[in-house]
Structures are given as structure tokens and as C-alpha cells.
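Next come two complexes built around subunit A: one with subunit B, the other with subunit C.
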Partner chain A sequence: MFATAQYESGDWDSAPFVPANIIDTIARYTEIPVAPIGVVAPLSEERMLRYPLLYLTGHLPVRFNAAEQRNVRRFVERGGLLFVDDHDHDVDGVFHKSATEEIARAAGPLAELPNDHPLYSSFFKFDGPPATSQELNGWGDNLVHTHLLAVQREGRIAVLYSSKDYSSEWNYHPENKRFLAVDNTRFAVNLAVYALTA
Partner chain B sequence: MRSRRSRLELGCRIAAFALIGWLIGTSLFPPRPIRTERAAAATIAPRLAAWTRMPPASELHVDLDTVPDPWIVDWLAALRASGHIVRWSGSPSPAAIVAEPVGDPRAHVRVGVASPNGASVVLSDDAALIDTMHVASLGALESVPLVVGALHASVGGQSLEIARPAAVRSRAVFVVGRASWEGKYVATALEEDGWSVIARFAVAPGVEVTEGAPMLDTSRVAAVIALDSTVSRLGGALAGYVRDGGGLILAGTAASAANVRAVAPGVVGGRIRHIVQPAQSIALGATGFYPVTSLAENAVPLERRDGVVAVAVRRIDAGRVMQVGYDDTWRWRMAGAEGSVDAHRTWWSRVVDAVAYVPASPDRAQRASARAAPVARLVERLGPPASASRSNTSGGPDRRILLTLIMICLLQEWSSRRLRGLR
Partner chain C sequence: MSALAALRRVRLILASGVIVRAIAWGLAAAGTLLIGAVLADIAAPLALGVREALLWIAGASGLCVAFALAVRDRAVLSARDVALWIEEREPALRFRLISAVELGDPRLARDVAPRRWPVLAMRRTGRALATPALIVAVIGALLVLLPAGAVARVRGPRAGDSLERAGVRSSGASRLEPLVALVIAPAYAHAAPRSIDNPATIRALVGSEIVLRGRGAAAGIFARIGNDSVSAASDSADRWSIAARAPVTPAAIELVDRGYEKIITSEPIHDAPPVVTLASPARDTVLRVARGRLSLAATASDDIALESVWFELIVSSGEGETFTFRSAELHKTPVHGKAFDLSGALSLDSLHLKAGDILHVRAAARDANDVSGPGVGYSETRAIRVARPGEYDSVALDAAPPTDEDKSIVSERMLIMLAEALDRQRPTLVHDSLVRESQSIAADQKRLRRTVGDVVFSRLGGSPSGEETVGADSPARARTMQELLARADSATSRAIDPTDFGGGEAPVIAVNTPLLEAYNAMWDAGGALEIGEPGRALPFMRRALAAIERARQAERVYLHGRAPQIVVDVGRARLQGKDKGSSSTRRPLTASDSAAQTRELRFARAMEMLDRARPAAIDSLLLLRIDALSSAPELAAALRDATTALRGDEARAAATALARARRALGGIPVARDSLSRWGVVP
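Let's look at the complex of A and B:
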């Protein structure tokens, strides 16, 4: 079950095609049973704990209310993986600043994830986070981010933070993969396989 | 010349008179009376030396509300062997202690104390107090991570003692299944509890994610946890591993795989589904489970839910196989009430511990000290208590038997004479 995190403060549903696209990718490359449609998991409700892999994105400031903060803390303590992607791809933007602060408050400080981390070889082989066509599109910080950030607990990624704007990169109808020479959602398979096996 | 019949009559008469004479004789000159000594448990020790000097065939009777020290029991047994009649009565509370090594990395010794229900057991070792246990269902179990010297238990006024078993080298747990939340969190829980985990998760056709080197060998792997039908990829070697003493846990639908069907405790039934409300926290089995049906002859149900068996276990040669109907215990860990992470971790660790391979302890008999099961040892050395054993101290045949024989002889003679027409 692929779940998108819903939070009170911002535009949590800014990339509506991403869940369907990732579900399609997982079903296409693996035999992992996956529900055909994603779900929305409100961070303020305890039922968000039923989805051990959560995808969180947006452009606007992220400010967790008390219930959201408590649940995110419990989520990572219990072994969930929260994947946060900056839809602005801007390290000076409000999403980045506010989201990293909230993550630090709820789960701990983010640190650079080494590019030889098992995440990058859990299914497809990558030399680090795959580049996106959004990073140098004139918007955002116009930087190619060579590393993802992560909060790790007991040697496992609890929160994975990306400034690479996968939310834009993967926000298209799965049918349109046929027009791509190389499927740009393959990294999502690594993420799912890592979450399920690490 | 006497006929055969008259000789029979004469024989019967002589026998009857001889028996009557013997009875009269023993009444007039009774055999020397046997000296009987009685003592309670607390007063036995100072009297043992005196009892040892008593003439042979003396009778000693001890009333025991508690079992005396082993050396006293041994002394009484020696007196018994030297020809004295040693008997005991009373009902000291039966109790026994066992200690076995286990493969659980956090609890190296499992201590069991058998005693009547409701008793309190104070468990300690040579260093300090370990715990206090309450006996239910005639026993109490405790897992002890570290034992210094011997283990002692005090229960019902008795002191039990057993030597510490040799430590067992910790072996790995092999988790096999499809990539799933269940597999991830089972492996995580066991690792958190200190187990070394080898995991093999199928991700895509021909693609598996493996952590550690999978090997079906009891020298390296204590137990295999199969989460689904992908266990069939381990082939027939798995059954051999179990027969050699390895533990096997078949969770969810794993027991339906062809290579484990013959060793499974039962058949996988249709899933029982429960509805969980969005606001509800999830407990073990709250979302449903696969019942264990058609139990094998030697299978033992361990847990029932909704009137059906949820967990069962059976022994296959030296190994044990447990069938667990739960297929999504991860929901309990992730979305359970406070403390569910610990509960999930402990539950899985206990499940593994219950079947994990532990090599036979070569020093088992050596460790069973004289204080491990005092009442059993008392019965072994002195026999059952007097009330339960038939005693006979008259030194001759029972008088009722003699009287019956006399009556038979006289009747035989009388009826023979009457048949001949004589008075």
C-alpha cells in the first residue's frame, strides 16, 4: 500500500500522479504485492501508523501540529520510513527550511547519506541519487544535489530527505513511461525494496 | 491296611493339629519384639548415630513434613540396606528444579520449577536473588541471562539446587519469504532482541535480497522462519534440517508449501478476517489469521482464538515445528497500543526460542544434584511412604491364612468320613 502523508500546514497533494506512477513501477519490476491505488494517511491520525512507508511532499511551509509531530515520532520509533521530497527543489525555499526543522524536531537531525548506501543497490544499481531533469530547469536553487539526506536509527533509514524534486520528475501518468528511453522512476523501486527488506 | 482315603483323612488331621500347635506355641512364646524408633524430621540428625548401633532388624519410622538434608536420607538408606526396617510417613510438598541452556541471545538459561499450584518460588544463584515466581499449572518458568555458580530455589519450605548448565553458542535465525512488511519487522524485532538474523526475501522472479549467508545447518542456524510459500525454494533439505534438531516456524500460509506439508502441525485453513476500525489500535490477530486445521496426531495446540487453533507445534524427530496462523503481526508492532513494539519483539523472540535448536547437554546428569528433586530422591532411596506401602512386621505367615488352612483340613477330613458313613 503506497501512502501519501497528509499534513495540515501545506500543499501535501501537490504531486497527485506520483502514487499511481510508483505503484505501476513496483508492479512492473517486482513481485511485491502492491495495492492498485494509493491511500492518503493523515499524519494527525493514528492510522498513519498502518503505512510503514510514507511519501511526503509540497511547496509550502511544513509545520506539524502536536498530533502530527507525536505520530511522526512514533512512526520512526516503530520502524517506519518517511520519504520527504522537496517539490520546490530549493534549499533556500520555505519547504526545505521548515520541513528539515520539523524532521529534526520529530525524528532527529538529517545527515548526508553516503552514495554507496545499500539504498542505491537494493534493486537497480545507482552511484548515488539519480539526477532529475528538474534540478537545472531554472527554478529552485539550480543545483545538482549529489546526496540525499537521512535520519538513521539502528542502522536503518528512518527519514529520507530529497532536494532533487522527484515529485515533479515522477508526476506523470504511468502510461507515458513508454515515451522514455530510460524509466526515471526506477529509483522508487529501490526505495520500496529497501523499506521492505532493510 | 489303610485305604488311600483314610490316609488322606489322617494327613488332614495331622496338618490341622500341627497348625493349631504352632499357633498355640507362638501365642505362649512370642518372637522377640522388634524395636521401633520414631522421629520427626527435625530430630533425625542427632539420633542417627544411636540408630546405627541398634540391633539388626530394628524398625525406624520417621515422620517427615519436609525432606531432610540429602546426607540424612543417604544415612537412612544405608541403615535400610544394613537390614533395618526404615519407613517414613508424611507428605512433604513435592518440588523439583531443572535448568536448560537455550539459544536465546538475551536469556542463556531457562529455569523450571515444578511445585503445587499457588506456591511462591524464590530463585537465586550463588551471587544474588534473581526473581520471585508464582507457580501456576504445576510449574513456573524463568529465563535467566546470567547465572553465577549454582541456581537455588526456595519453595514450600524446601531448598532446591541445580548446577548452572553450560552456555550454548548463539545461532542465527533464518527468515525467508517475499519482501513484505511482515518479513521486515520479524527480522527487525529479532535483531533488536539480540538474535543474529539471516534474511532472504524474494523481490522479483529470480531476484532475492539476502542478508547474511543462508545455510540450513544446525551448527549455524537455530531456527527457520518461513513467512509464505516461497519456503518451497528451500526444497527437501528443510525437512532434513528439522529432523536433525532445527526449529521451523511456519507463519501464515507457509505450511501449505509442498516441502513442509509433511512436517507441519496442521493444514492451513481459510483466513478468518476481522474488521478493524480506523481509530482502533491493532493487537495481535486483530486483523485476522489463518487457523491451523486437521492437526497432526502429535501436534499440540498452543493458542486458540475464535474457537479455532491459531498456533500449534509438533515434534519431528529431534526438531520442532510451530505453525503460526498470524501473517501480519507487523500491524501490531506499527499500529498497536503503547508498548506494542516491545510486545511484538518479545512475542517473536519467544516463538523462536520455543523451537530453536539447542544441542543436547552432555553434563545434564552430572548437574542434577541431590537437591534438584528432594521428594523424588527420598522415594528413590527409602521407597514410598508407609501409608502407601504394605508393611508386614509379624515375622511369620498371616494368622488368618493359617486359620483358613486349619478349617480346610478339618472340613476335608470330616466330609471324607461322612461320605464313608463314619461319624
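Let's look at the complex of A and C:
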């Protein structure tokens, strides 16, 4: 099950096509059993703990309430991977500021993830996080981010934070993937494989 | 000097003597008890509580003795008794003095010579004081001669005085016993230093300094804390100490003196961030026009100390992909203390909010932690949105009455409460009354069931009450949910489309299934109520309530837009990608909790060791506890009690704590194919 995290504040469902696109990508490249539709996992409910990988995005401020904060903490303690992507692609934006703050409160401080981390070779080989067209076109903060940020627990990524706006990059119908020369969602396979393996 | 004046003087001397003697005997009694306690403590160390109790007992017994003697000799205050005492010693007075006192006529004793009377009184007092004074002197001498530390432990018992205890120690004995830990909290906590005697666990605020102290020379003593090693320093001729910063994570402090070892667990106390509650605004709001003042109120509290409290606000403007933000901090207030109520106001006019803007408000507080912090706590965020102009463009509608499901849920809830009350009263009711009351509830239940039936049938396109119009006793009435479902199906005359809803149900059936289930449960409940069995009816009634609740939830309408749901054809997409990755670089995660299994194994090993190598087993349990502190707090607490009890040779307490630890480890008994060794917890 590919799960999208729902939180009380902000627009958690700002990239509605991403789950389907990632599901399609996982099926396209791997034999990992995957459900044909994604699920929405409210962070305030314990059932969010069932999913090994949670995708969280938005443009607006992220303010976890007490239950959300508690569940996120339990989720990372249990070995889950929370993938947070800034749909604003702006390090001066309020999503970035508030989300990084909330992550620090719930899971710990974020640090740069080295570009030779096993995440980048868990399925496809990458030399770091793949760039997005939003970055290359100079939108948002007009930066090409060379690193992702992460909170690591016992050598394992617990929270992965991206300012690269994969939410915009991957937010299209999977059927349209056939028009791309290079599939830009392949990094999602690495995420899923990393979340499911040790 | 007149006879009566001399009498008063004698009385004063005798009274003083009585008081001094009472005090002396009181001191003797208290001192004897103290010396006894000191000697007992030298023989075997007395616990802090016992020594405190003995000190109180000694003081109380001294007071009791003094008071009893003073009361016994209270006759000395009476002039008549003192006169008689003098007459006894001066027979020549021939009762003139007592006559003068009793008749109140000093002329009767005007020719007596009272000069010797005070001397007599002084001599008598001296003799009476000799014995208690001697005893007090002996006790005083003993207290001086006994080791000062040993006396101090009884005279002023306090935590951390075990080093003062006198006792003979051979040169080869461990210098790790006795051991005292002094915990000095960081300055921001404003806490007094705390001493712990012979600690097994030291709980200290992160940033605290831990000073371990013992007796003997410092040479050769060191402590291992993680990868660091700290040597002991000499405090004085016969004292060593090791100072270290309290570890941030649970850790073992391993003290080594030649061949002796002692493990102490260090349990850090982390300064929690402040807890902040936003009281006003109390909820999210939509404003038509952003004008006026918004009152703000919040409470903040911290476990150690607060440093400042403030409000934060963010104004987000825009929509879609284009957002701009402004943020600010308001009413920032420095705080000294553990709790603070912050209030203020925010002028909405000053924010120049436009239609569609959202104002996010929250309160925040920073604690005074300058060691591992500062910790910052935030309240929940309230969003105050300014409505867009078109948002109120809608057709004016009168408020609709509650839906039938909503009405039903209230009624079913009420019927459940009535049935529960009746079931509780059942033992006190006669059978006829019980049946009558039960049938009354059954009648209401039946009416409610018909209402639910009407809802279902009117939705299915049939006439309302179509199901019930055939009469209550009609054989045509549906008796099971399956029959009702079949009727519902036939009522709509729709073919079942297996692609809908994934479960082979037609949409109309899927929508009505909860209500039909409620209907069926109400039917069973009614039957039980009819025969006066409210207890049996309750499970059905609760099932009906839950089903109605589900029906209500299922029809909740959300007015915001939703993206179309894409169902990926996983089968068609499977392995159609042009690129190939390497799927064998990683192995699947193990599903089981391997950490719990490891803990269980370590616990079992320690238990095996307990009989033959008790200190090692205790150390193993302590190390296990360090690992369990963060991941299994219940186990850690049980192990703390177990190790403390094992070190104190308290067999019963140890057995109880170890049983708790075993339960905390997993609880489910494991069946083995061989008999385990019988044994008992020591």
C-alpha cells in the first residue's frame, strides 16, 4: 500500500496524482506486490503505523497536533520511512520552515544525506538526488539542491526531506509516462525498496 | 531576712534543682539511646530512615523523662510543702513556720533563724544532681571518644553520609564500598546537589555533574563510561572521588578497583520542552471581513524552568501554486518560573488581510535549558481564514431537520440506556414488572425499527413503510438480513454489477447495508425485550447503534474538490519499464522485533547465571536495563527494582520484580520440548 500522510494543517493532498504514479512505477520496475490504489493515512490515527513508507507534501504550514506528533515519533521509532517533499520548492517558504521544525520536534534534527548513501543505489544507481524540472527552470527558491536532508536512526533513514519538489515533478497521470524519454519517477523505486529492505 | 523570704529562696533553689535534674536525666536517656544507635550502626550499617527515626525517638524519650521527673517533683512549687521540708530538717521550729504559711501570718515565725535554710537546700540539690550529672558527663565523654563520623551519622543523618560510617576495613577490601554519588544539576535548574548512598542507578538531568566518592586511597581506581576512562583523584587522606558529566543516553558506569568491579547505571533525565496550550482563539474560524481585535491567550509550563513565552503568526496569501507568507512574533515575554499565562491582543486591521488569506496563530515557549536545549514547545495552530468574495454566493436555504439516521441514533442510544438501567434493576424487580418494563422498551424498539425500515425502502424507490405495511405478524416479513438484502435488491430491480464496490454488491445495497444490519439487530433486540431479557437484548442494540453510526458516516459529504481516483493497472504495468535496476542489493526487513528477542535472550542468560555467579548476573541485568530504558521502559523499571532488591538481599521483592520483568519481556509462555531446570529465585 502506498500511503499519503494526512495532517490537520495545510494542504496535504496537493499532489493527488503522485501516489498513482509511484504505484505504477513500482509495478513497472519491480516485482514488489503493490495495491492498485494508494491510501490516505491520517497521522493522528494509529493505522498510519501500518505502512512502511509515508509520503507527506504540501504548500502550507505544517503544524502537527499532539496526536500527529506522537504517531510520527512512534512511526520512525518502529523503523518507518517518512518521505517529506516541499511542494513549494522554496527553502524560504513556510512549508520548509514549518515542516523542518515539526520534523525536528517529532523525530530529531535533519542533516544532509551523503550522495553515496545506500538510498541512491538501493535499486537504480544515482549520484545523488535526481534534479527536477522545477529546479532547473529556476522556480521556487531558484536553487538546484544537491542533497536531500534526513533524520537517521541507527544507521537507517527515518525521515527523508526533499526541497526538490518531487511532488510537482511526479504529479501527472501514469499513462503520460509514455511521453517521457527518461522516466523521472525512477527515484521513487529506490525510496520504496529502501523502505522495505534492510 | 524574714522567715517567709527565706522560705521563698529555699523554694527557688529546690525548684531549680528539680528542673536541672529532670533535664539531666532527659539528656542521659537521649544520650544513652544515641550511643546505642551509634554502636549498632558501627556493627551493622543502619538505613537513613532508621537513623532518622532513632534520632526522633531519642529526643522524644529525653523529653518524656524530663517531663515525667518535673511532674513527679512538682510539690517543690508549693510553699506549704517547702515549709514542711524545712520543718523536717529543723525540728526546733516546732511548726511555727508551717503555721505562719498556712495562716498567712508572718508574726508567728518572726523569732526563727532562717540563715541555714538555703544552705540545706543547696546541699540537697547538689546531692540530687550528682548522679545524673555524672551520667551525662560519661555519655558526653563517650560521644567525644567515639568516631566523629559515626556519631554524626546518628546525630545528623543525611543522604550521602555512608562514607562517614566507622568500621574496620582490611587493606585488601574493595574501596568501592561504601560509595556515595553526588549529583550536581546544571545551574539553570536551580536544584540543590543531591547525594545517593550506594547507588545502583543514578538518575540525573542531562548536563549534571556526577561525583562518585569512596573511602581509601585513589590510586588504581578508575571508571569506564562508554569508551572513556576516568581515574580517581584523592579528596583527602582517606577519600577518593571521580567526577564525570552525566551521559546523555543511558549508560553503564563501570567502577574498577584492582579485581573489584561495580556497575552503576546512569539514567539521563531529559529536559522536556515546554507544554503550551492555546486557549484563545479556541477554534479555527472563517471571517467575512478581517477587522477588529483578536484576543490571544495561552498557558505554558515546563518541567524545569521557562525562559520566554510568545505568540507566533503566519499569514499565507495566494492559492494554487502561488503563495506568499509573512510571519511575526508577538508579545514575547521573559519568564522566570515553571508556568506562565500569556495573554494579549492582535489587531486584524494592522495585518491588512485580503480575501482568501489565512492567518495561522500559535503560542510558543522556550525553556531555560542552556545545556542540551533550549527546548521549544508549541501549541496547536489555529487558522483564521478570510472568506473569498464568491464564497457566500449560494441559494438561501432553511436549515434542514436532522436526518432520520441522526434521529434514530439518538433514539437507539436512549433505548440502550433504558435497557441498561432495567438490566441493573433486574435483581430488585419482580418478574411481572420486569417483563412489563421490558415490553415497553420493546415497543419503542419496534417503532424505531420501522422508521429505519422506512428509510431503507424509500431509498430503494419503494413506498415508505412498504416493508412493515404487511403487518407485524405477517409471515412475509423479512426475518434475516440476507432476506432484507434480497428484498432490497428486488426492490431496485438492478442487476448486480461485480465491478462496483469490489465486493459484488450493487451500489444501492452497499449504501444501505449498515441500515439493514441495524434493522436486523433491532429485530433480535426486540425479540429479547419482548420476553423480559434486557441483558440479552443489549448486544443487539449496541450492534444496531454501531451500524446506524456507520450509515451516518458513510453519507458524510465533503464539499472540497477531489482529484479523480486513479486505479493503476498493476498487472499491465508490471515489469514494463525500459530500465533495469538491481533488486538484489538489499535484503527484506525482518518482520519480527529482533530487539525484543535479543532482550529476552539476555534476560534468560542472566537468570541462568543468578545461582552460580550472582554479582555477574546482577551486572547483566543492569546492562540489560540500560538498553531497555529507551525502548522498553516497563522492563527497565522492573529490572531496576529487581537489581536493587538483589543487591539488598531481599528475596521476595527480587522474585516479584523479576516476574514483572519476565512479563514485560513478552509475556507469552514458550512451550519447550524439554524440561527446564527447576530453580527458585534466591
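Here are some notes:
Basically, the second predicted complex is superposed on the first by the 195 of 198 C-alpha atoms of A that agree within 3 Å, B and C clash if a C-alpha of one lies under 4 Å from a C-alpha of the other, contacts with A are read in each partner's own complex, and residues count from 1 in each chain.
We adopt the following convention: contacts are C-beta pairs under 8 Å (C-beta built on N, C-alpha and C of every residue); 3 or more make two chains touch, one makes a residue touch a chain.
Note that the structure is predicted; figures quoted are calculated from it, not measured.
With both complexes brought onto subunit A, simultaneous placement of subunit B and subunit C is prevented by a clash.
Looking at the shared chain after the overlay, A:Pro36 reaches subunit C, while subunit B stays out of its contact range.
Using the contact criterion defined above for the overlaid structures, shared-chain residue A:Ile23 touches subunit C, although it does not reach subunit B.
With both structures placed on the common chain, the touch criterion links A:Leu196 to subunit B and to subunit C. Contacts of A:Gly93 after superposition on the shared chain: subunit C is touched, whereas subunit B is not. When the two complexes are overlaid on their common chain A, residue A:Ala131 makes contact with neither subunit B nor subunit C. Comparing subunit C and subunit B on the residues of subunit A they touch gives the larger count to C.
In the superposed model, A:Gly79 lies in contact with both subunit B and subunit C. By the touch criterion defined above, A:Leu60 lies against subunit C but remains apart from subunit B after alignment on the C-alpha atoms of chain A. Stretch 186-194 of subunit B is the one among 168-176, 186-194, 276-284 or 312-320 that clashes with subunit C after the shared chain A is superposed.
The residues of subunit A shared by its contacts with subunit B and with subunit C are 29-31, 52, 79, 122-123, 193, 196-198.
The touching residues of subunit B, when paired with subunit A in their complex, are 178-181, 183-185, 188, 192, 199, 201-205, 207, 209, 211, 278-279, 281-282, 330-331, 333-335, 340-341.
Touching subunit B in their complex are the following residues of subunit A: 29-33, 45-47, 49-50, 52, 77-80, 122-123, 154, 156, 193, 195-198.
Against subunit C, in their complex, subunit A makes its touches with residues 9, 13, 16-17, 20, 23-25, 27-31, 34-37, 52, 59-61, 63, 65-66, 79, 88, 93-94, 97-98, 105, 118, 121-125, 168, 173-174, 183, 186, 189-190, 193-194, 196-198.
Subunit C meets subunit A in the complex at residues 273, 314, 316, 321, 323, 325, 327, 358, 360, 362, 378, 380-381, 383, 562-563, 565-570, 573-583, 585-590.
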